[in-house]
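Here come two complexes built around subunit A, the first alongside subunit B, the second alongside subunit C.
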Partner chain A sequence: MADMERLIDLQNISKEYDNTLVLEDINLYIRENEFVTLLGPSGCGKTTTLRIIGGFEHPTEGVVLFEGKDITHLPPYKRKVNTIFQKYALFPHLNVQDNIAFGQRIAKVPSAEIKKRVEKMLDLVDLRGYGKRRVDQLSGGQQQRVAIARALINEPQVLLLDEPLGALDLKLRKDMQLELKRMQRMLGITFLYVTHDQEEALTMSDTVVVMNRGRILQIGTPKDVYDEPVNSFVADFIGESNIYPGIMLEDQLVRFAGCDFPCVDKGFGHNQPVDIVIRPEDIQIVDMDAGQITGTVESVLFKGVHYEMIINAGELEFKIHSTVMQEPGTRVGLSIIPFNIHIMNPIPAENEEDMPDEIIEGDEVS
Partner chain B sequence: MSRIIKRTYLAFILFFLYVPIVVLIFYSFNAGKSRAKWEGFSLHWYADLFQDAAILKALYVTLSVAVIAAIAATVLGTLAAIGIHAMRKRPQGFMMTMTTLPLTMPDIVTGISLMILFTFARIERGYFTMLLAHITFNTPFVILSVMPKLKQMNKHTYEAALDLGATPSYALVHVILPEIVPGIITGCLLAFTLSLDDFVISYFTTSPMVQNLSTLIYSKARIGIEPTLNALSALMFLSLLILLLMINRRAARAEKR
Partner chain C sequence: MTGDNVSVLMIGGIALILFGFAALVFISVRRSHGFKRSFFASPYTLWMVLFTVVPVLLITYYAFTDSTGALTLDNFKNFWDSNYSVNQLYRQMGPEYEVLITRGYVNIGILVYSLWMALLCTAICLFFGYPAAYFMADRKMKFGAIIVVLFVIPMWMNFLLRTIAWMSILEDSGLINTVFHLLGLPKVQLMYNNTAVLLGMVYNFLPFMVFPIYTALTKMDYRLLEAAQDLGANPTRTFWTVTAPLSLPGVVSGITMVFMPSVTTFFIPRILGGGNTMMFGDLIENRFLFQGNWNLGSALSLVMMALILLSLGILRRVDPESEGSGIV
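And now, the complex of A and B:
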């Protein structure tokens, strides 16, 4: 049972706050040196999951294994994980080097050694010469780096990161994404990362865990969850999507938008209601008579790399990304190749309403 | 025009507020005994003050009660604030209401209820009961000055300390206390000042044998006001004024940050 590859193993974790279920039967394992991202909208339980691993919350049910040992009720200061908190939570009364040295002082490392390690960390996070600064004199990005150094100096086996880049501007966020990834590879530390930013998740992770309403919807590589989302929620959350209800007539044939489309999916049975997901970049704009369906261009938005066009085709609207612009009002044909039509089982209705909207994120409850 | 009216109005308020005190201080330097006739400048009432054994004893009682009560209330209040802060929303709201309630209660109610409590518990009134009473009414003030500092803290700071290996007590001493120390000092000064200032509660919780300055002045005034009391009141006013200015400056500085 103790699979050595599994560094952290969450088994049947449930968590309740005041009779509200915020996590329901979470099963997840994290391998050594893996970069795992918990992705989902706010209130989906991702932060609570992270805090259970950090030891700040205890699950109502289930066990947390670390290297095969049960650590469910171990306090945070006895765990070999370190956390980067939202807004960093640096100690304002200590300067940069004392912040970084905090964990080492507790571990009673000799002070000469601490000094050496702090210097090394300052190098690693590119803050050489900042050791004596007060932390409130640093910019957000620099504070972020101090928080990273403060955690990494303790050589944790796992680093937990709770939306660490949320407070940074876009440019800085992109730089930090690359830098975090570089550190993770270089130091060979397992990262468990929490974010609601799907692009961040796809860029950095080895494994993406998509969560919603306290449940795990899909676990897979970034490519898996993007190309083969298990349901329309995942499809919609990861990247933009056109989602339509349809009927699976038979294997490899689906009907929606008043039209029958060949597709590649099989095994849904005959005349079954399904969800159809099509990425905006997967719809081709062709001449009117060459398309499977026809429509009118309603609006065009310039998005930098591509144009985003809304095409009105009777009762349905299609969102299309293309580098070629069509004038609004133009009648066009749309064509979709079978491979790009993704068929999914519809989300059962009970999933939508079984939890209140204001599910408490872990950090709201202190 | 309206500005002149505003200014005049304000001047009147300040005049009526401070004129009695100014008169009192003014006549404390009067050479004669009269409070109506100026008979020349003298400091001899101040000199008399420091030769009056009863007054010196009362001064000692006042200061020692204030110091001990302030320290005890600071320790209790700080710990209470940390505890209340860690509670969940609803019990926290309840505890804060329980904390602010005594502040809105008239001193006389607090004084009488404490007196009844001591009588009921068969504790003889005196120095000790007065001290207990002062600790009791000071503690909420400390809680109220420490609480904002705790609320200002990043809520994850304490968790960050635990995360880095600190035990809860290490985190308390090395992370939480340094953060809230300004609030603790303000609370302590406030408690000290209120304790020096208090008359009503002290009056009901001490015996005639143990008197602090305010109860002493009161009992002496019933016989007839001696000019030494002018000098004493002037000194008390000044020292309280200085303390209050210190507290206000601290509060103003804390707000600026």
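And now, the complex of A and C:
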């Protein structure tokens, strides 16, 4: 008997299209009421994973369990999940209320009951009075809300969201992020969310699944994947990073930029090549003589909350975020506390380019 | 007299149009110091006026005049209560029309027969055409493109040739009867009846049903089908709730494009019906060319046009959203 806490359980899922492997041995489980985000660049297989759970694709290998039952080959219309599609896929021949009522009519709910539920849904997504409108008369944000209402009215156990906010402008996207999170908490529905926007993933999720080239690289809380990325790809994809090759001299001592730095990681062995990841906000600008290394300010960009400075320190460049601006040309010292130096095993070379970039799926960054 | 009338009307009309056209060009060049975009539509406009508007006006003129050129409504009266001799040909159209024809309502009889044949033809084309278009438009179907080509190739051939080709299949010494003979089966009469005419019509007009539906189906976003399935609709429900309504504009234009030429069909009945049947198109041809009665022929043509406009109006009402854009 499967662990009942696992609502959806993907076991050893692989998917091939025309001899191209787009998913390789995916193992992932989703708990009830969890907000899980699949995060990765275009073509990483996140949409394919979602479509396998929705029933629109079938894995070449592996099983999909739903509440412990094998649903690998169950058609979409027999699954207790609903999807919000990337471009909403609203029915153009139906008005707003008929779009929302679609699933309920299929389920043969009495029409008086449907009417009540549609009104409730219109309230929930803040579209009161829009029931009779044609969907092509709505703005992108409103269409988005109709798509949400159309899915939620069926009270699915799991809601699948395929880059639902991709077509909205920044302000609207931020509002909808909060809105979706609020609905998820209020309705107690499990959300599986697909995005390529790392900030979105960190803001909304309970669990982030970082994917690349058809594989899962890391599963963890937003804080985990941000603070403790498993490799330089994850570090680079989630937030901005300075990534350098270095040598792990011994436990808690690493050499890079021609300098030895104390750090907190251990267990890499002696004189091993490693990747060093340092977040731009984790490097302190100090006086010349107080720094571990010194450099010259190359350029300064104003980014709103902070300045982004590029500091040239011999053979390496450091990207630094700070609220204090330094004039270009200034010589400064740089200091990094041991806790902020993240040591990772380098990504093996053969894994880096073993899959083509263009993978067949609706994953394009819009 | 009639001939003089025509030439005067024609020459006058053409001169007027050419003058108007020249004036239009002159004005548009003066106004905008260059050619306006609409200027490029003028060759087509000229063509339409010369060969569509003028003939329609002429037909209208003839329909309301008699052979001396005097205004009259007799042509339409004759249409209702035809006092022309009942031709042996019309009798053989079938017992259903016998009543009308023997009472002297030859024109009405042929009109009803034509409408009925056109309706049958349209229904059969829809019955076979929709599934064909659906199959061709299926994303997963690898042979879709081949079938499209198979539908297109016969259209490269001349319409008359295609119809005559059917003769060599259906006639007494044709392909089917030869095969029957070789198998020791009795000879069957396949030609010179309604079924043969219908067959020829369906064969000729089927592509006009298939392609509009095919276009509507391929333009449809397949994600909508996934959305319907996601919301619990099985494939049958998905078809009736999403595919069918969204392909309706294609069906409407398919019906229009089959029904209109079907009603006005001529020649097919003469070839495959062997002169035993006559459709409205043949009747008009007969009045013009063999009886030389241009006035009655014109009246018949006007009635036909009115019927077609009426049916177009009804179709538009079926699918009011399709106007303009065509497909959603």
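Keep in mind that, in the parts below, the second predicted complex is superposed on the first by the 360 of 366 C-alpha atoms of A that agree within 3 Å, B and C clash if a C-alpha of one lies under 4 Å from a C-alpha of the other, contacts with A are read in each partner's own complex, and residues count from 1 in each chain.
We take it that a contact is a pair of C-beta atoms (placed from the backbone, for glycine too) under 8 Å apart; a residue touches a chain by one contact, two chains touch by 3 or more.
Note that the structure is a prediction, hence the values are computed from the model and not measured.
Colleague: After the match on subunit A, would you call subunit B and subunit C a fit or a clash?
Modeller: Partners clash after overlay.
Colleague: Please indicate which partner A:Phe56 is in contact with in the superposed arrangement: first for subunit B, second for subunit C, both, or neither.
Modeller: In the superposition, A:Phe56 contacts both subunit B and subunit C.
Colleague: After lining up the shared chain so the two structures overlap, which partner does A:Pro75 touch, if you call subunit B first and subunit C second: first, second, both or neither?
Modeller: both
Colleague: In the superposed arrangement, which partner chain does A:Phe339 touch: subunit B (first), subunit C (second), both, or neither?
Modeller: Once the two structures are laid over each other on A, A:Phe339 reaches no partner at all.
Colleague: Which parts of subunit A are in contact with subunit B and also with subunit C?
Modeller: Common to the two interfaces on subunit A: residues 54-56, 75-77, 81-83, 85, 87, 89-93, 102-103, 106-107, 150-151, 154.
Colleague: Per the contact definition, I'd like the list of subunit A residues that touch subunit B in the complex.
Modeller: 54-56, 75-77, 81-83, 85-93, 102-103, 106-107, 150-151, 154, 363, 365-366
Colleague: If we count contacts the way the header does, which residues on subunit B are in touch with subunit A in the complex?
Modeller: Residues 86, 88, 154-157, 159-167, 170, 175, 178-179.
Colleague: Would you mind writing out the residues of subunit A in touch with subunit C in their complex?
Modeller: On the subunit A side, the touching residues are 54-56, 75-77, 81-83, 85, 87, 89-93, 102-103, 106-107, 150-151, 154.
Colleague: Which residues of subunit C touch subunit A in the complex?
Modeller: Going through subunit C, the ones touching subunit A are 221, 223-224, 226-234, 237, 241-242, 245-246, 321, 328.
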